[in-house]
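I'd like to ask you about the structure that follows.
The letters A, B and C name the chains in turn, as written, and every chain counts its residues from 1.
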Amino acid sequence: MAQRVGIIGFGQTYHRSHRDDVNGVELINEAVRAALEDAGLSIDDIDAVVIGNMDHFEAVNYVDTWSVDGSGAWMKPLIKLTTGGTTGSTLGIAGYHHAASGLFDVVLVIGWEKNSESDTTGAIITCSDPIFDRFSFSGALPGLAVEASAYIKRYGIKEEDAARVAVRDRAHGANNPYAQLQTPVTVEEVMLSPMLSWPIKLLDICPRSDGAAAVIFAGERKARQLCSQPAWVHYTAVRHSHAYFGDVDYTRLHTLEAAVQELYQNVGIKEPLKELDVVELYQPYSFAGLKWIEAMGLCKPGESPRLVWDGVTDMGGELPFNPSGGVICTNCIGATGLLRIGEAALQVMDRAVGRQVPDVNLALATGFGGAYWSDLMLLGRRPW
Amino acid sequence: MSRSAEENIIYDGRIRMPYKWAAGKTSSFFLTQLRDHAKIWGTRCSLCQMIFVPPRKNCPRCVTADTTWVELPPRGILQTYTEIHFSEPLLQPLEPPYMYGVVKLEGADTGLTHFLGEVEPEKLRSGMRMEAVFKKKEDRCGLITDLLYFRPEGGSGS
Amino acid sequence: MTDVAIVGMAQTPYRRRRDDANFAELIYEVSCGALQDAGLEVGDIDNFITVSNDFWDGRTISSMAVQDACGSSFDGGRNVSTVEGDGTFGLLYGMMRILSGAYRTTLVVVHCKGSEGNMRLITNGMFDYIYTRPLGIEATGAAALQARRYMDKYKLTEEDFAHVSIKNRGNALRNPNAQLAASLSLDEVMASTPIASPLKLHDISPISDGAAAVVLAHRNVANKLGRKPVWVKGIAHCSEAHFLGDRDLAEAPALRDAAFRAYQMAGIEDPFAEIDLVELYDAYSYMEPLWFEEMGFCSKGEGAELTRLGATAFDGPLPVNPSGGVLSAHAVMVAGLARVIEAALQIRGEAGERQVEGPVELALAHGINGPCGQSHCVVILGE
């Protein structure tokens, strides 16, 4: 029987650039323990396990079967999903469907990555089609730089506008003990940081992290039994269109536009700026914090700098973005999308210690990755 | 590049990527003990008391229980074995034919998979008592292959 | 449980090399085929599940290759996700997304071109990098360890396993999709090249290129379509320990657990009596009796004897792998969904020359994941 689903627990590691003290399986176990403790559960209460990461970052094939010692999946139903940067959100959505289907009541979802173990760019390059794209695709950064420069050209955005986004997220990260980067930066510091691929500078872009996240989803009956305020899953939408990087229109993030349109239409959101209370945006670099909020329909194309400079997206603003510090403070890729979901859940549950937005009713978590793909999960204080 | 009879273009590629895998503190202890002292250690779960080799930081069965170290004798019982005949130079550290086996060390609840040596394949029997043979100290470097192979206890089986 | 059915399906022939098609083209072939089989258009599909493996494809984010081809980009884009594991797990997730009420139809696609990679390196990659990978272990070496343990514990012989190869390669003669089909003699199997003792060449599946797709639909949609739906009556999955030494390789408790939960869902109490046909994942000959026993069809150690007696033969009381099984065609990850499709064809009465006698009302299909069948997915299909 289909059932409504809520998030009842969330755990994460203290994210770092290098976790040489643990191997991948042990890293996963840290997040699992944290989530179980958070929910007040033991592994015996878990009915199914969902796990994912990006294979080439640690070069482990069949990560699901490899990691059972750490994930707690011994003699349990186990499945793996992977979709690149969107992996974490893809996993969360899978956790939702596991419980919503009625087949499982309590589902443990794990996302993780040990980016220190590989050449991230080298590994990401293998995502491109070997015949047509691989010669020109030189990693995530140049692609995003193309997007940013197309956006600048179209709307006359300044690099300082993007820097203001980075300043926001780094300020928020200072409130998050789990974030890898916890020191604020200024617009000037961002502008003076080394240029990587114009217009993206070092402080505009996310770090590479070792970290893991675990979120526990439960069907309604169990969720009410086990948790006083679950974060109820209202809606999910995903667009992974595009198989080639040349198919992407870099002036707009079509997948995010399409996904939010589906979401807003189905849940009846007409004024997202007013009706959403907090957003954990999968924003791997600062310019996305401008361009993509336009794609979300929060303002007209080209107008996002005003919103950002006015403090609308800061803590205390009308619609805070990334109270956790977001991806610019932590990017353990397979976990990152799931961290967005977990952080959004904390906001709804009123448990985001040190980084709580007041009176959260609706929280939106997004995922990004692949060939400019987008995932969404909307969480709410009351069941949908 | 090559062309098949039907003019299908085949493109040769190879993904070469460097990796730096952290063994983690737990496995680092195991591997340094192997390297420095030719000792094999297992871990015992503080809850269920199972002893695991290779060592685990947390108990795989209890999941949220920690483990403690237990030194194990370098000998045990052969659980299963095989002789590899196929050749894959890109992968194999030894030239075939060579043998793998799973040996459950005395006191451990799980078996360790490794090479078998100093034994004719036809002489292998599950249940045989095996002992570990290590590389010379100067050749050991903190890898699982510091253990060379297991051989029948008391010398080669013949 | 009859809320979700398979209403369309397609598979490519399984061949050693498909030099004429890349991943997207294989997926396009089966996506079109499955839609046509269902009498649906791509616009009728609410959501998509792709299944692939980054190592086998040599591409991280391997799902990227097939987004256009499977139809998920259609009409501005549709909801889509990707499972990495055997195709049966993709079917499981595709089904969950209908049962959750979110979607009414799911197209599940899976591909693998084994010819494009090095199977030894790729399967070596599934072992931990500290203790096991440096030894050079890969899927077949590990399987050999399992085969030996199984033989020793239950007093089985290489001849016992050879009978499975003979049966399945022989069954494959009726299957135009199979890669390997032959009338093998016992001597031929026993004399075939030793690969990893006790496994010889004819004990081992080939590695194939291929793809498969199924259209799943909720009852409300399935009942309105032209052809007879094949219902998923039960489905369950389970994984056991990873390190080979942590397991008793002669047992498969994860399979036992999954099978019995699937039976429970399907209301099956006596599997041998109630199930008419089995398509299980025999990547190696010894796996057939091992899985067959753990599925509860007979006692431990009896599977080989039942094979010798012909109980699982094409014309036997409980045919196992009338398609020829994985021993005859093995596009990794596709092979589990291929088992589902073969079982579904039998239920529909559309298996052509390989259609077994008598009505097939209830069938079991099976997929595995990880070394030596560490993880299993069992699917019960019915009319």
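We take it that a contact is a pair of C-beta atoms (placed from the backbone, for glycine too) under 8 Å apart; a residue touches a chain by one contact, two chains touch by 3 or more.
Everything quoted here is computed from the prediction, not taken from an experiment.
Engineer: Would you mind checking the shortest number of contact hops between chain B and chain C?
Structural biologist: 1
Engineer: So which has more C-beta pairs touching, A-B or A-C?
Structural biologist: Result: the pair with more contacts is A-C.
Engineer: How big is the gap, in whole Å, between where the Cα atoms of chain B centre and where those of chain C centre?
Structural biologist: Roughly 30 Å separates the two chain centres.
Engineer: Using Cα averages as centroids, what's the distance between chain A and chain C in whole Å?
Structural biologist: Between these chains, centre-to-centre, one finds 33 Å.
Engineer: When the centre of a chain is set as the mean of its C-alpha atoms, what distance in Å lies between chain A and chain B?
Structural biologist: That pair's centroid distance is 38 Å.
Engineer: Tell me, which residues of chain A touch at least two other chains?
Structural biologist: 23, 56, 59, 68-69, 74, 123, 126, 130-131
Engineer: Can you list the residues of chain B that touch 2 or more other chains?
Structural biologist: Residues 13, 15, 19, 21, 23, 27, 60 of chain B each touch two or more of the other chains.
Engineer: Going by the touch rule set out above, which residues of chain C reach two or more other chains?
Structural biologist: 58, 129-130, 241, 243 - these are the residues of chain C that touch more than one other chain.
Engineer: Chain C touches which residues of chain A in the complex?
Structural biologist: Residue positions touching the partner: 2, 23, 25, 52, 54-57, 59-69, 73-84, 90, 93-94, 96-98, 100-103, 123-124, 126-131, 236-243, 254-255, 258, 369-371.
Engineer: Help me check something: in the complex, which residues belonging to chain C touch chain B?
Structural biologist: 19-20, 58, 118, 120-121, 124, 129-132, 134-138, 140-141, 144-149, 152, 193-199, 241, 243-246, 249
Engineer: Which bits of chain B are touching chain C when the two form their complex?
Structural biologist: Contacts found on chain B: 4, 6, 8, 10, 13, 15, 19, 21, 23, 27, 31, 52-54, 60, 79-86, 88, 90-94, 100-102, 104, 110-115, 121, 126, 143-145.
Engineer: Given the complex with chain A, which residues does chain B contribute to the contact?
Structural biologist: Per the touch definition, chain B meets chain A at residues 11, 13, 15, 17-27, 56-58, 60-64.
Engineer: Quick check on the complex: what are the chain C residues that touch chain A?
Structural biologist: Within the complex, chain C contacts chain A at residues 22, 24, 53-55, 58-69, 72-73, 76-85, 89, 92-93, 95-97, 99-102, 122-123, 125-130, 236-243, 253-254, 257-258, 369-371, 374-375.
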